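Structures follow.
The two complexes that follow have subunit A in common; it is paired with subunit B in the first and with subunit C in the second.
For the complex of A and B:
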């Protein structure tokens, strides 16, 4: 987290970040953000220092640093900040300035997969439907849930739900809780067969365009199935 | 100044300082105090001196109250509020005085009423030897005043000083000028992430003052044991744009450092840590205690983020250690929040009465125009300030009033 080159304040591009023109100038460096952050201390991460880097014009250092990617974007810092500084917003903007190929971990790859196939896993439609129906059959074997089946693409249902990719990957058991509650409550619900991905990793990578596409697809599903209530658990 | 009269609203350090200076110049003064006891919030503070005085100002309220009570030109009306006002040349006031349930000439401050009363908060205790009677009856809580179901205090009073059927009184008075010294309120830090109101051992600095005043030393509210480790957190509710409090409250660095010094002197086994942003050196007296205190307590330049309960009503606090860049969890037995000064509750009524405005922060705004009408202000109602400044501000308002009375 050190740089040898001199930082020129006039290189800071205020226009690049909505929150950059002045908000970080309000920072009192009180440190309540760092004191409440669940990720602070990981690899020396300190939201107070990250904010200070931006205030000092160290934009390039911040963009290439690992710190902005340690943040979980939980928003606790902004919640306690007495000066109302949108720290997760700042982190997201810093992330957005990084070359997409250098976005760490699986987030950018998962997002690319989602843009191309409708879900982060590149899970084909047939496999996805098979998994849903398989879980549905398991539920139907439990006492009190006889006759249960998964309503896929049900036109005119009251609620449309999205699916987190892990629920059709490693955590299929977790699908059952929702569905059983729906069943017991007599809810009229459905899941889409395509573009069902509920996560929106453009949020985490700072990719506004991708985020818009992912959100738009959910809206399209609602229009196609003539549903006006969305349950988006992510 | 013969036959000139000034009405002072508020009997704290600022109001009493103004009243004494006016009276010394020959002006008649009425001091209206809404609370049952005079002396403002300053009179509830405890002296921070050890073998040396650290000029905390806690004695100022008592000193001024003692002198005001003896002064023939000062009339002090506690439990009083202005019901109506008019101006036709002079100001005319109608003042509502709460019933005098306890006769000050009979009460000997024995405290039997306080001990006998079954309704908590119905009998309020004074905080100064100048408070006579030393007890007052709360109209809101007293069972007799609610449904005549209890007369324990009256029956047990050995001096027959209590009359539960006393009636409220209305006084009419006139004045040539007015000084608004309505004081301040303190921030109740419920929305801060410190569990205030949930964990009994998280207190405000005012509550710590009350503990010190009552017991002479620090005891934990939960079990009245001596804490081993105390933390002060500064700037709670001050310099806070979310709350609309952009101001530094100016009194709290001095207050916390003096409290820490006093605790270290009286209870040297207690370890005190001060969590702060920066030390604000308002006033001229900080050198008398800052250097010494800084060496004796632990000072960490970071505001903690969370407090969790631990065993035995202890508190686990997380903060970023700025020296190591590590997030630490540390146990404390008592946590003191240095809370903000805010405009006083009930300021709205005064604003309407005298056609006054607030400044952007919400404190009282005064101008040359209001001064021309004979309306002046003193103390923290004009903005946060420490006690010494409030006293000086009271004297200044008295001087302004005298200048006005000479020309009016």
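For the complex of A and C:
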């Protein structure tokens, strides 16, 4: 039998959307991923369909669809896949192919702000330092935390922390938990005055180059402040 | 090349507790029932990509703070995502995100817990944003380190 005439194997592009070669071509079409996915059913989405789309060369459809953005990349599908296909990796790769201006919501805009200003909020340094010191003063008024202050840019501290942008935006109370623990433990810690952003939204948008810049800035802070240990960011 | 060390939130909290750098008062929440949510990236994804999922560490820390807590089912490698991961809190697809959380809230309701402990900013944001949709306004969503800070014995 002339299989080539039935299945046009030579038209498959094995480099397409790969996180490693032939990723989508390992799929057995069993559908266990679809059964495991909490997002299955939204807009007719399920991981198996997305994988088939890529395998069949419908890359443009996949890239412009909402599907890859509805997925939370939780990895439940990959965990149950009998062929160990990294489906979240594939989703992230598809996201990376979207025109940056068409990335939904604030995800790319926040990342762009971070690349330009050092944080997702475009929060100026003076305002940021004011917020940290203000919250620090509130802690110092609590029994047992007398004398507490926020060690910003402390050279040679043992531990460097970063800040999740929402903690200097709408959730400043949540800055206090770790700071109180540091105080009680007698920790020698610090927080940077610049490039303090702890999130790295390039992870979500599939932007490896941006992720590298954000990570590099944390390393620069560690070098500048002569820090040995980083508390793993958000 | 200069090498830097890093610690996870779990490593650092365990160090403080084991080395007796901090003391915790377990009676603070003695009348409460908690449950723990495994974030995808600290758990299943970390296991896949780095060979170690942080499953036991947060549970040990939780046990230092509270006598009464129980696991969700399923959990750890078979855990169900909260629906707030992968940037979905920032894409604007909110209805989809709420729908996604339905199974998670079934799990939480079944556990009987009135406090949900999480070590992830995305999960924390999602649970607080969505709990009302599932009639669980009174569920207290707490960061793992917030629980530790609440139980601190100072002075």
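Operating definition for what follows: the second predicted complex is superposed on the first by the 212 of 234 C-alpha atoms of A that agree within 3 Å, B and C clash if a C-alpha of one lies under 4 Å from a C-alpha of the other, contacts with A are read in each partner's own complex, and residues count from 1 in each chain.
The criterion applied here is as follows: a residue touches a chain if its C-beta (ideal position, glycine included) is under 8 Å from a C-beta of that chain, and two chains touch if they have at least 3 such contacts.
None of these values were measured; they are calculated from a predicted model.
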Query = More subunit A residues touched by subunit B or by subunit C?
reply = C
Query = Just subunit B (first), just subunit C (second), both, or neither: which does A:201 touch?
reply = second
Ask   = In the superposed arrangement, which partner chain does A:107 touch: subunit B (first), subunit C (second), both, or neither?
value = second
Inquiry  = Just to be sure I read the superposition right, which of the two partners does A:93 touch: subunit B = first, subunit C = second, or both, or neither?
reply    = neither
Inquiry  = If we overlay the two complexes on their shared chain A, which of subunit B and subunit C does A:26 touch? Say first, second, both or neither.
reply    = first
Query = Of the partners subunit B and subunit C, which touch A:217 in the superposed model: first, second, both, neither?
reply = neither
Key: Footprint overlap on subunit A, where subunit B in one structure and subunit C in the other make contact   = 76
Contact footprint of subunit A on subunit C as seen in their complex = 2, 4-9, 12-13, 16, 21-22, 40, 44-45, 48, 77-81, 83-88, 90-93, 96, 99-100, 102-104, 121, 125, 143, 145-146, 148-149, 152, 154-155
Message = Taking the touch rule as given, give the residues of subunit B at its contact with subunit A in the complex, in rising order.
response = 192-193, 235, 239-243, 277, 301-306, 318-320, 322, 325-327
Ask   = Tell me, which parts of subunit A touch subunit C in their complex?
value = 38-39, 42-43, 66, 69-76, 78-79, 86, 88, 91, 104-107, 110, 143-145, 159, 164, 166, 174, 176-178, 180-181, 184-187, 199, 201, 203-205, 219, 222-223, 227-232, 234
Task = Quick one: which bits of subunit A touch subunit B in the complex? Just the residue numbers, please.
result = 26, 28-37, 40-41, 44, 46, 48-49, 76, 80-84
